[in-house]
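What follows is one structure encoded as structure tokens, with my remarks underneath.
Chain lettering (A, B, C, D and E) follows the sequence in which the chains are written, and residue indices restart at 1 in each chain.
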Amino acid sequence: MLEVRNLSVRYGAYTALHGVNLTVNDGEIVVLLGANGAGKSSLFKTLSGLQRPSGGDAVYNGQPLTLGRPERCVALGVSQCPEGRMLFPQLSVEKNLRLGAYLHRRDSAGNQAELERIYALFPILHDKRADPAGSLSGGQQQMVAIGRALMARPKVLLLDEPSLGLAPLVVDQVFAAVQRVNEAGVSVLLAEQNAFAALGIAHRAYVMEGGHVTIEGSRDELLHDDRVRSAYLGV
Amino acid sequence: MLAFDDLGIRFGGNQAVQGVTGSIRPGVITAIIGPNGAGKSTFFNLLSGFYKPTSGKITFEGQDITKLPTHEVVALGVARTFQTTTIYKELSVLENAVLGHRVRTTSGLWDALLGTGRERREGRASEAAAMEALRRVGLETQAHTLAGSLTQEAQKRVSIALALATNPKVLLLDEPAAGINPEETVGLTRTIRELAAGGLTVVLIEHKMSMIMTLADHIMVLHHGQKIAEGTPQQVSRDPAVVEAYLGGHAAPHVREELKADLLGSAEVEGQHA
Amino acid sequence: KVVNIGYSGPLSGGAASYGKDCQSGILMAIDEINAAGGVTVKGEKVTFNLVSLDDRYLPNETATNVKRLTSQGISTIFVPHAGGILTVQPLTTRDPNFLLVAYSSEPKILQANNPMTLMLPPRYDNYVAPFVKQELTTFGKKLGLVGTTSAYGKAWADVVSAEWTKQGGTLGTDNGVDYGTTVDYSSAVTKALAEKPDVLFIGGPSQPTALVVKAAREQGFKGGFIVMDQAKFEQMNQVVPQSYLNGAVGVLPVAQFPGTQVFVNQYSRKYKKIPTSEAALNYMGMNIIAASMVAAGTTDDAVAIRAKVGAAAAALPRGKSIFSVKGVTAQGHVDADVLAAYLKDGTFTKLRLPATLLK
Amino acid sequence: MIIFFQQFLNALALGGAYSLVALGLTLVYGVMKIPNFAHGGLYMVGAYVTWALLTNLGVPYFLALGLSAVALGLVAVLLERLVFYPLRSAPHIHPMIAAIGVLFFLEAVIGHPQVFGADFKILASPINGIVNLGGVSITGQRLLIIGASVVVMLALFYFLKRTTTGATIEAMAQNREGARLVGINVSRVASLTFFISGALAAIAATLYAPTSLVSPSMGEVMNLKVFAIIVLGGMGSVPGAIVGAFLLAFAETFGGVFVGANFADVVGFAVLVIVLAIRPQGLFRRTA
Amino acid sequence: MTSAPARALPARALPTGWPWLIVFVLAALVPLLVKSGYVLDVAINVMIFSIAAYGMNVMLGYAGLLPLAHAGFFGIGAYTVGILTLKAGWSFWLAWPAGIAICAVLGLLLGLVAFRTRDDVFAIFTLGVGVIITQVINKWDALTGGNDGLNGIVAPKLLGIDFGKSASFYYLALFSLALTIFLVARVRASLFGRSLIAIRGGEDLARSAGINVYTHKLRVMMLSTALAGFAGGLYAVYIGFLGSAITGPTTTFTILLYLLVGGVGTLAGPLLGTLIIRVLQQSIQGLQDYQYIVFGPLLVLLVLFFPAGLAGVWAHLRGRRTAFEAGRPRGKEEQGKGVNDAGV
């Protein structure tokens, strides 16, 4: 279980997160909705160790995640597919994916199997495996980023706007893939603008505004919440 | 007005755009859709003179612009925005738009050094043109804010204002609504429609089908660098090749009038088979 | 009373070692004078203090330094490089006059006819004829040229070439390289040796010169060397075995001059290295200045001091002047005997310099 | 012909030394995007450390080579921690100026009379033999330079392309945050990269100094040349640094033959300017 | 090396010119109050080198291009004056503009080739050109005097004023500096200058906004090299002796240092930086062997703690009030970076 407790993040004088609380239970897909700048990415970066919080903490199964040390977070089983992808553009697609399994680098058989699973999930990556990641289109790069995060064999997968810039068909594929990953026992925390698709696969959801969590509830509760319907579903 | 014939470009072994022939008709909103990597952005880069095609030819109002450098293409009246919001974040909103108008001014280093009348005249004209562009995208009140401090959506508007300040005849928008929420998307859609109504020819790339379907008069579909379909939204969304390559399950509901209700419905349908 | 003496030279960067060598000679002279209780100028005991400023070999920095020194009331300034000297020469007679002690053998320094300059190093052209004669008769008629391409080096190469042909030898192409910036000399040496010379003209700062010797010997060169006076046997010896230098002509090491033992020993003890003429001539220069101040009866009237340098120099005991000084010419050049030597099997044979050229 | 081979060997040895120095520089540039103008300083300090080990402590040459490599590796790591790490997110003209400050500092410390002084030092050569191959002679030391530089280059290449640790260096070179996300400890990679660059500089200095002189300013000339080299090869490219090094060495050597030895330096930079005018991204960097 | 750190100047730099007026009036009083030749000499050197620093600033600070051949052009300007006055007997007042013009033309020629490269490669390319310029000056004995240098360049006279005197030369330098600052401020505020800032901020965007990036770069290069030549001409007559060392990369880096310490892209930065560093260097001369042991780390500390330069500190202090507003949502810089935008 991933627990975020009273987490705050500041960038200089600007506070991006004001004491956020949320939980992701084992096996759940939890969606985080929020406008631009609501603080979703800040939360994700803190959970994956890229950003140190200014207050509060987050623990995964009792172990702290908020030390600003990504390698520890990955080792604990929390792995992020970041906004902006952060690929290694001149390395081949396959090397990118393999580096995702950096912490498992001694288990080459396991990595091979994992790699195959990812190629099955995104067949186009198999075709492009020898190409430099930077030469792929935006959508294809997004797939590499998700694949790379999965290569770490996470127990909790943090996905920051995976559908950004993707074609509807691919969005479907990505969400279907997320679901499959989840069914295999991985918890997922998903930040999305594409509220429909996200809520479609979610168990629970939170809405963030201006660095605060303002609404939380099950998928159906949120689908029928008026505020959510007007602001995020455009209804 | 903007016509392209057998247009193609290859990067090393990768034929990103291939044999695309057609034209953009004046005064209408044309949308370009297609899967990721289909070559849409590359196609824009070709039209705007940013990349030089390895085959084919582009004409604008009858003039061959295939080999013209970007800034001359802009001078003829073709402006574009980038897929990634690209603006001068450290400059004010107004200054961004002023830079867009630079292509219509001629004062250079000597004017600057000597402080000529032309310099002063053009400086004033630029600011006026910039304000006008900001007004068209609804940012006139933010003119003196630092562009980088605006919201994502406002930054998209700044990038459009920058393009508008070049006094274009054709405006190429690459995913103007990416990364902004549905509420804001509606506002942006309205802005784009107003621009078109003002006589501007708009071409846009988008993945947000709701937006495309409400906005576009004409759609062109790219796949693997080639044009696989073209027509009105209704025609395209029923085209089996397009459905297979791009729309998937999203094809049916995206018909204008039924849009809102069906969208919610589709989410729930998806939720059920989860 | 403590009198400040100025010094502006390279104390950092590539030429720092040169600048410090020059500085060490002045310092040594000052230390000796002070240890002996100073000198008496007009009945007053005077000791000295050296104010050193770094100019990184840049003339504009020299100018700034000189202005700084004169504004502190300093009336004698040592500068050890031609660019700096030429730049500040016009300043010597403006507002405050000062005496410029120049360590550089650039002829233009004398051509300026500056009344306040005292130029220390001897003329190099005296060496040329005996050098050429020695090598031409010992090794053969073909001369290769791999000297440094500094202005001084080029001037040397020109006079050596002229003398060589005058005495009936033939010349190879000039393969001179800049000893200051070259990383690897073997290429230039290979090229020079391709013409099968009997003798090589070499020279620049001592250590790089030794590297040229090394490269030549390693590539199988068996002939002799004409070593320009900038390079010193005693320093080259530390880089290459003396056997490599067999058959070379060059300036006699300071230690081999008659009557320099005391200076050499004291210098070596003090600075843990062998003195070269950089140290020796500046040592001499400082001693001349001190003696001139005594003779002039003033420590700050530069013009009066300058008027006495000739007499003071000629009267200097050999232990203080190192070289046998005859006096100072009208242009301000210290006129001293120079000595050259031919190195063979570890012994230096002194060469006679033509008397006609000595002025 | 003999002349040609003689010059060829001259160029080979020079190129070997250049490439070792350039490799460290290009690695640091590739990974950290820092134009490390202190690199020539590391090279210079490496020569002095070896000199001190040989002369003052009587350590045998090859042991001194190893010790000096480790010592300079550590100095480079220290440099990274103290100067470049705090500047990691500054525009990279800042680290460049800081590096120049470090270069000043190193030169001043080494040249200080209480340390080594400004005088030239001579590094004794471990191998004194001269090999003569049909009129072409080459000293043992130069053969050693050529041999050792090839070995070091192969080892480095293997390390980068075939080991996971090597891959982390490349990954970090391309996206620092991305590397952190997959669990790579980027500070360690940064330290490692600097360590390698410092060690390579010391190895190059130890190998090359016996054919040359040791002085506090020896790094400055080297600095300009290795920068020219890595730009020639394509900044950050490892094969580029090697090719660039030999290209410059051959241009200087043979340029000297044809245009006059005095112009060798100009020829080197002229090659740089011409190559870049034709291939602006350098020889080995892929175009966007 | 594109991104200049400092915040952009407000677009209109001229109306806020009154502090400059005060500075220059005060500066004009100096020779009347201070009689020390040393102080005037330091001041004149500061002025000459800060003009060169302004020349570098229009490239680096405005257009984001790092020109490392700068001292080479400084040298070309200086040698042109030296050669024309000594060997061709020209008046300084003709030789000086001629030097500036030659620098501008050579700058244009260099630009035609150099602008094929970008970023760091551009910087090192120009560094290579700088080295070549120095070497040519050093080796072309017949024209430049080679290692001997050129000696005896005499200070000019005009309307009975002899600029050989420190005090009168001071006014010539001061006037030149004021003119330089006035001109670069004008350029910064002009449409041309604003386009340069756009190029610095992103070449691709500038191009698609219709700015002719290439010609803008060429022109700013000419301005930059002309200013270098302008400073070089002054240097030649002030020092009276020219050697090739001053035209080398060390001088370029020194000028860059002045600029960086003062604040890249600011109007006061080049002057401030030159002043501070030269005064600092003069005052640590007394440390003798320790001077660079102190100066090196000092540089590092300056860069670490004043990344925007000294002018930047001032701007920062003034900017405090608006910092809060400016801190509102930032864009997603990395988002959706495809290959075409990222320029991988």
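FYI, contacts are C-beta pairs under 8 Å (C-beta built on N, C-alpha and C of every residue); 3 or more make two chains touch, one makes a residue touch a chain.
Only a predicted model underlies this, so the values are computations on that prediction, with no experimental measurement involved.
Least step count on the touch graph, subunit B to subunit D: 2.
Across the assembly, the mean Cα position most removed from that of subunit B is the one of C.
Counting C-beta pairs in contact, the pair that comes out ahead of the other among C-E and B-E is B-E. Centre-to-centre, using mean CA coordinates, subunit B is 41 Å away from subunit E. A straight line joining the Cα centres of subunit C and subunit D is 36 Å long. Each chain gets a centre from the mean of its Cα atoms; for subunit D and subunit E, those two points are 31 Å apart.
For the pair subunit A and subunit B, the distance between mean C-alpha positions equals 29 Å.
Counting partner chains per residue, subunit B has residues 41, 83, 151-152, 175, 178-179 touching two or more of them. Chain contacts: subunit D has residues 107-108, 111, 113, 262, 265 touching two or more partner chains. Contact of a single residue of subunit A with at least two other chains is seen at positions 36-37, 85-86, 89-90, 132, 135-138, 161, 164-165.
The touching residues of subunit B, when paired with subunit E in their complex, are 41-42, 45, 48, 50, 69-71, 74-75, 79-80, 82-91, 95, 98-100, 102-105, 107-109, 111-113, 115, 119, 122-123, 126, 145-146, 148-152, 155, 162-163, 166, 175, 178-179. Across the complex, subunit E is touched by residues 11-12, 52-54, 57-60, 63-64, 67-68, 70-71, 82-83, 86-87, 90, 95, 106, 108, 112, 149-152, 154, 178 of subunit C. Interface residues of subunit D, counted against subunit C in their complex, comprise 3, 6-7, 10-11, 13-14, 107-108, 111, 113, 117-120, 122, 130, 132, 137, 139, 211-213, 215-217, 220-222, 225, 252-253, 256-257, 260-262, 264-265. Residues of subunit B touching subunit A in their complex: 11, 14, 33-38, 41, 83, 151-153, 175, 178-183, 185-186, 207, 209-210, 245-250, 260, 263-264, 266-268, 270-271, 274. The touching residues of subunit C, when paired with subunit D in their complex, are 12-14, 16-17, 19-20, 146, 149, 174-178, 181-184, 186-188, 190-191, 194, 207-208, 211, 218-220, 238-239, 273.
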